[in-house]
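Two complexes follow with subunit A in common, the first pairing it with subunit B and the second with subunit C.
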Partner chain A sequence: MAQRANPWLLSTPAILVYATFLVVPLALVFLISFFNFEFYGGIQQAFTWENYVDILTDGYYYEIYARTFGVAAGVTLACLVLGTAEAYVLSRMANPWKGLFLMVVLGPLLISVVVRTLGWALLFGSTGLISQALLALGLVSSPVSLMYSNLGVGIALTHVLVPFMVIAVWASLQRINPSTEAAALSLGASQFTVIRRVIVPQVMPGILSGSIMVFAMAASAFATPAIVGGRRLKTVATAAYDEFLNTLNWPLGAALAVLLLLATVVVLLAANRMVERRYGAVFN
Partner chain B sequence: MTFRNGPIGLIFHTLFIAFILAPIVMVCAVAFTSQGFISLPSGGLSLRWFRAILDNPRFIEAFWFSLGLGALSATIAIVLAVPAALAVARNRFPGREALLAFFMSPLMIPHVVLGLAFLKFFTSVALVGTYFGLMVAHVIIIMPYALRLVLASATGIDPSLERAALSLGASNWTAFRRIVLPLVLPGVISGWVIAFITSFDELTMSIFIASPSTTTLPVRIFLHIEDTIDPLVTAVSAVLIYATAIAIFILDRAIGLEKLFVGKGR
Partner chain C sequence: MTYLVLNGLTKRYGDTTAVDSLDLSVERGEFVSLLGPSGCGKTTTLQMIAGFVEPTAGSIVLDGRDLGRTPANKRGLGMVFQNYALFPHMTAAENVAFGLEMQRVPKAERQARVAEALALVGLSHLADRHPARMSGGQQQRVALARALVIRPAVLLLDEPLSNLDAKLREEMQLELRSIQRTVGTTTILVTHDQSEALALSDRIVVMNQGRAVQVADPFSAYEDPASRFVGGFLGKANVFTPQPGQAGGEARVRIGEAHIPLDGAAMPAGPVIVRPEKILFSEPALCALPGRLKARVFQGNHWLCQVETSVGEVLVIRQNDGVPVPQEGADVHLRWRAQDMRAVDEA
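Let's turn to the complex of A and B:
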């Protein structure tokens, strides 16, 4: 009887591609982040901590990191509230509405982020619909623009990322036994109490894993901060892009990216560990 | 017992859907303007800017380029993902968890980091600006998506089916071709689709390594927007939205969006 193929043998092609085209490039970025950059001489291959010291002591970079993680935290909070509520409302709908609106909410994930952000840029401009609506309502006295503002970047990023939150919570909601909700209601709990005491605790793993995902993607987003935030309102991703393609200071750009990667991975692993410690029993 | 949404839930839902659709509808509406600047169409719709796309071959070339790149890199990713998924799904061996985490790792790495990593690497090995370089980079970022869906369908296969074929004298290759492959086919198809879409929409990593001769459509649109936001780029985006809407409808019917994103469902 023929033997099944060895799992390592089956994985070899993929491992080789990953080793050559993922591990080596990442190692190179790590390496050049310790190189020196001379304005006239280019990249000097000598080991130095200078780039990291520059980033960690210069208020300019501190501001960029603070903005990046601040916006990411705000976006995560907005997605958490909006996405969880929408997933709950969707789960209580009857077909065909459920299917239709799930398509409307998830569909935009298939449209390029550039296109979705362009839509917000059109809405945000000082002649855009949002400004005109606020003027018409008398809430502002002169045209306002959300372009090149943290709020604008936050709103557009929330729009880009909230479907991921809906998916995560939706997946959790599917696993709830509906009779727990019915039992609470029949015992006299109000709808609000049911949501707070019965639903939310049960979908907490979904909410947390969705939040982790949204935070990581918001912190490393590029297209939306680049278009809505513009040249002046830099985030780590757009700053690294500028160092690489405009200033050509690759070592500094690499150091910015390495710190972003480290910060993201640390946040992800810490959050993951917390979720597993607290809710491991729910998963298994 | 079935539940219904109260008025608060429905009001929230209406506002949420409006929020989701607002920028998309906005792009589609502005594309029909007759003016030479960004404005909502007033006094009739105009196809002027859609016609203008035809005079700008750069967008059309970038569209075909992205289509070909997506199809090729999704195919390569699937060819790599199927054996890897079978290895992980049907065996328990030391290092299995680590191998799976390794295969899924591109999901955890910000695309900016991957973009400058590829730029540095390709510059060192003289692949910068080449089609091959861009394609390999796309294969790396779409592999986890392809792998996840192939894995989902490979996990559900009853191992006795393949064992039966082998014990009846089928060769490994015949058992794979006649038994295993048809069973994982749904995962292969949905994995290819999500890999293709991810490649087609990718901007952040591609912008680092795209050259004038290897410019994808999102990169072309982004560079145009960075320069100026005009009705032309809005019309291009609108066409992309219409095409995606048709694709979303077909995919929802054929595969189910839930399955595509959640990995299970229906």
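Let's turn to the complex of A and C:
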């Protein structure tokens, strides 16, 4: 009996931390999302589906969710292409360079999100470096601004999230038998075919876990959309923030957050299932 | 007809020479083994032939064509790797089909040839299985089928059997030999296992420190090793330093107390080796070497005996053929014929 209780006893501290800092707040948000909000009376304890009905019947929120997931999908795709390529190139580098460039890749994670995003704002503005360079090259005739655009948000998010993809794919690459590459070459495959038919399918577990992390973080990102996207280009995270802190409509903000969580989980589970079914053989 | 020629093939990594001006001619359809201890340059040689390692000097000529500028994926050689290197995300059939897809063989022909190759290695029933769910021996066969299906100019085998257990290894040796005879593909095998090289090859290239020290068919390489190294590496060997002697009015070879009659053989000038299975236990005699049986090990079909003598320890192998073998600690006398002594180089 004591034997069987031991594992639970030993994991009590972890369970306590997990419960206090994750389960309880999430449960409270879930609870609040069913409360009532009166413009003059404030938050009332109740059980109503009204907040969810409001969101699901209003095109305004559909646009916000579409933008959030659109940007997240774009960022995931960009990270997938860039991160996989980066990880492969890194894994083929000789030793002093390997460590150096890995540091360069991880660099964005070492800088505060606000500082990094304001840096992008300097580059993106209509008088910023990118606009001036395009003008000087004659590629555009009038100044362009990437500020307050989905593209700008996507670029800034890709910049900071690509390291997660690189690390995940890197870990998968380490587990590949290097002879499979030589075997494919000896069977007449070109270098490109080797990567497409032999390397990428084998690093699918890494690509999948990297994509899950990147998608989840891009969909819930707050600081970057708030600074680069501005007040007009709202994402779910910034919209929920506004409901909580500006309108003080906590129940609606909570409902927005719960729907974001549910939608993200559904998207990730579906993607996970699809990839595992397609590449089942490399997942064990 | 000479098919594959290595001319002064050399590979240096900085100051160390992995392969030192290796010359070798391989006939069409021949099975040649590169045999040697680890670090002797045999794998580097194979990788240079395959095109994965660029030679520092020398050339590789295949069927009159210099392969120097041909990249690995244009050489059309089949290779089987030590760890099989199967593609884990593909089934056995997909693995085998890969090379044919690269050659753009039409689908119908591709399927027929994949089925044929899997049948050749006896794996038709596992065509749709992934490598992770196969045994080592089965993976080995898939790797062999994958290399053979592209009808390679040369089949390169890099220690293909070293990851299999002893019993399976022997089975695969026989099977590999018969498959190679059936398809007639020129084959180069790299191995450190002397019994594998002896069992499979038409010719053995014994390598040491980047050089080919002997190129011979398995029987002559074993019976008549060129050097002490070859004698010791291919099987077990006793090395003696003979002295000229005289007994019974004729010239004899003296080794320790034994005066061995020449019987028409020439008087050896340097060290000689004697294979342990050529030595008999005998009655005391002028031509026998006295000693004491220090230890004997029973190995099923034979006994391996260590005998202490005045010229050092001598290994004797006696077949388990009903003749009793002396007990440990017994005084014994060893004799062998002068013809069984082979002069070798000191190296």
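Just so it is clear, the second predicted complex is superposed on the first by the 265 of 284 C-alpha atoms of A that agree within 3 Å, B and C clash if a C-alpha of one lies under 4 Å from a C-alpha of the other, contacts with A are read in each partner's own complex, and residues count from 1 in each chain.
By definition in this document, contacts are C-beta pairs under 8 Å (C-beta built on N, C-alpha and C of every residue); 3 or more make two chains touch, one makes a residue touch a chain.
Predicted, not measured: the structure shown is a model, and the values here were computed from it.
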Requested in this report: Mind working out whether A:A78 is in touch with subunit B, subunit C, both or neither, as first, second, both or neither?
Outcome: neither
Requested in this report: Using the touch definition from the top, say if A:G107 reaches subunit B (first), subunit C (second), both or neither.
Outcome: first
Report task. Report for A:V275: first if it touches subunit B alone, second if subunit C alone, otherwise both or neither. Result -> neither
Report task. Look at A:H159 in the shared chain and tell me whether it touches subunit B only, subunit C only, both, or neither; answer first, second, both or neither. Result -> first
Query - Touching partner for A:T180 - first (subunit B), second (subunit C), both, neither - result: second
Query raised in the report: Of the two partner chains, subunit B (first) and subunit C (second), which one does A:M93 touch, if any: first, second, both, or neither?
Result: first
Query raised in the report: Which partner does A:G119 contact after superposing on A: first (subunit B), second (subunit C), both, neither?
Result: first
Query raised in the report: Which partner, subunit B or subunit C, touches the larger number of subunit A residues?
Result: B
Report summary line: Note: overlapping subunit A surface for subunit B and subunit C spans 179, 182, 191
Query - subunit B to subunit A touching residues, read off their complex - result: 1-6, 9-10, 12-13, 16-17, 19-27, 30, 38-40, 79-81, 83-84, 86-88, 90-91, 93, 96, 99, 102-103, 105-106, 108-121, 124, 136-137, 139-140, 143, 162, 166-167, 170-172, 175, 197, 200-201, 203-204, 207-208, 217-218, 221-222, 225-226, 229, 233-234, 237, 240-241, 244-245, 247-249, 251-252, 257-258, 261-262
Query raised in the report: Which of the residues in subunit A come into contact with subunit C in the complex?
Result: 177, 179-180, 182-191, 193, 197-198, 201-202, 204, 279, 281-282, 284
Query raised in the report: Which residues of subunit C touch subunit A in the complex?
Result: 50-52, 71-79, 81-83, 85-91, 98-99, 102-103, 130, 132, 146-147, 150, 156
Query - subunit A to subunit B touching residues, read off their complex - result: 1-5, 7-11, 13-15, 17-18, 21-22, 24-26, 28-29, 32, 82, 85-86, 88-90, 92-94, 99, 101-123, 125, 127, 129, 156, 159, 162-163, 167, 170-171, 178-179, 181-182, 191, 216, 219-220, 222-223, 226-227, 236-237, 240-241, 244-245, 250, 253-254, 257-258, 260-261, 264-265, 268
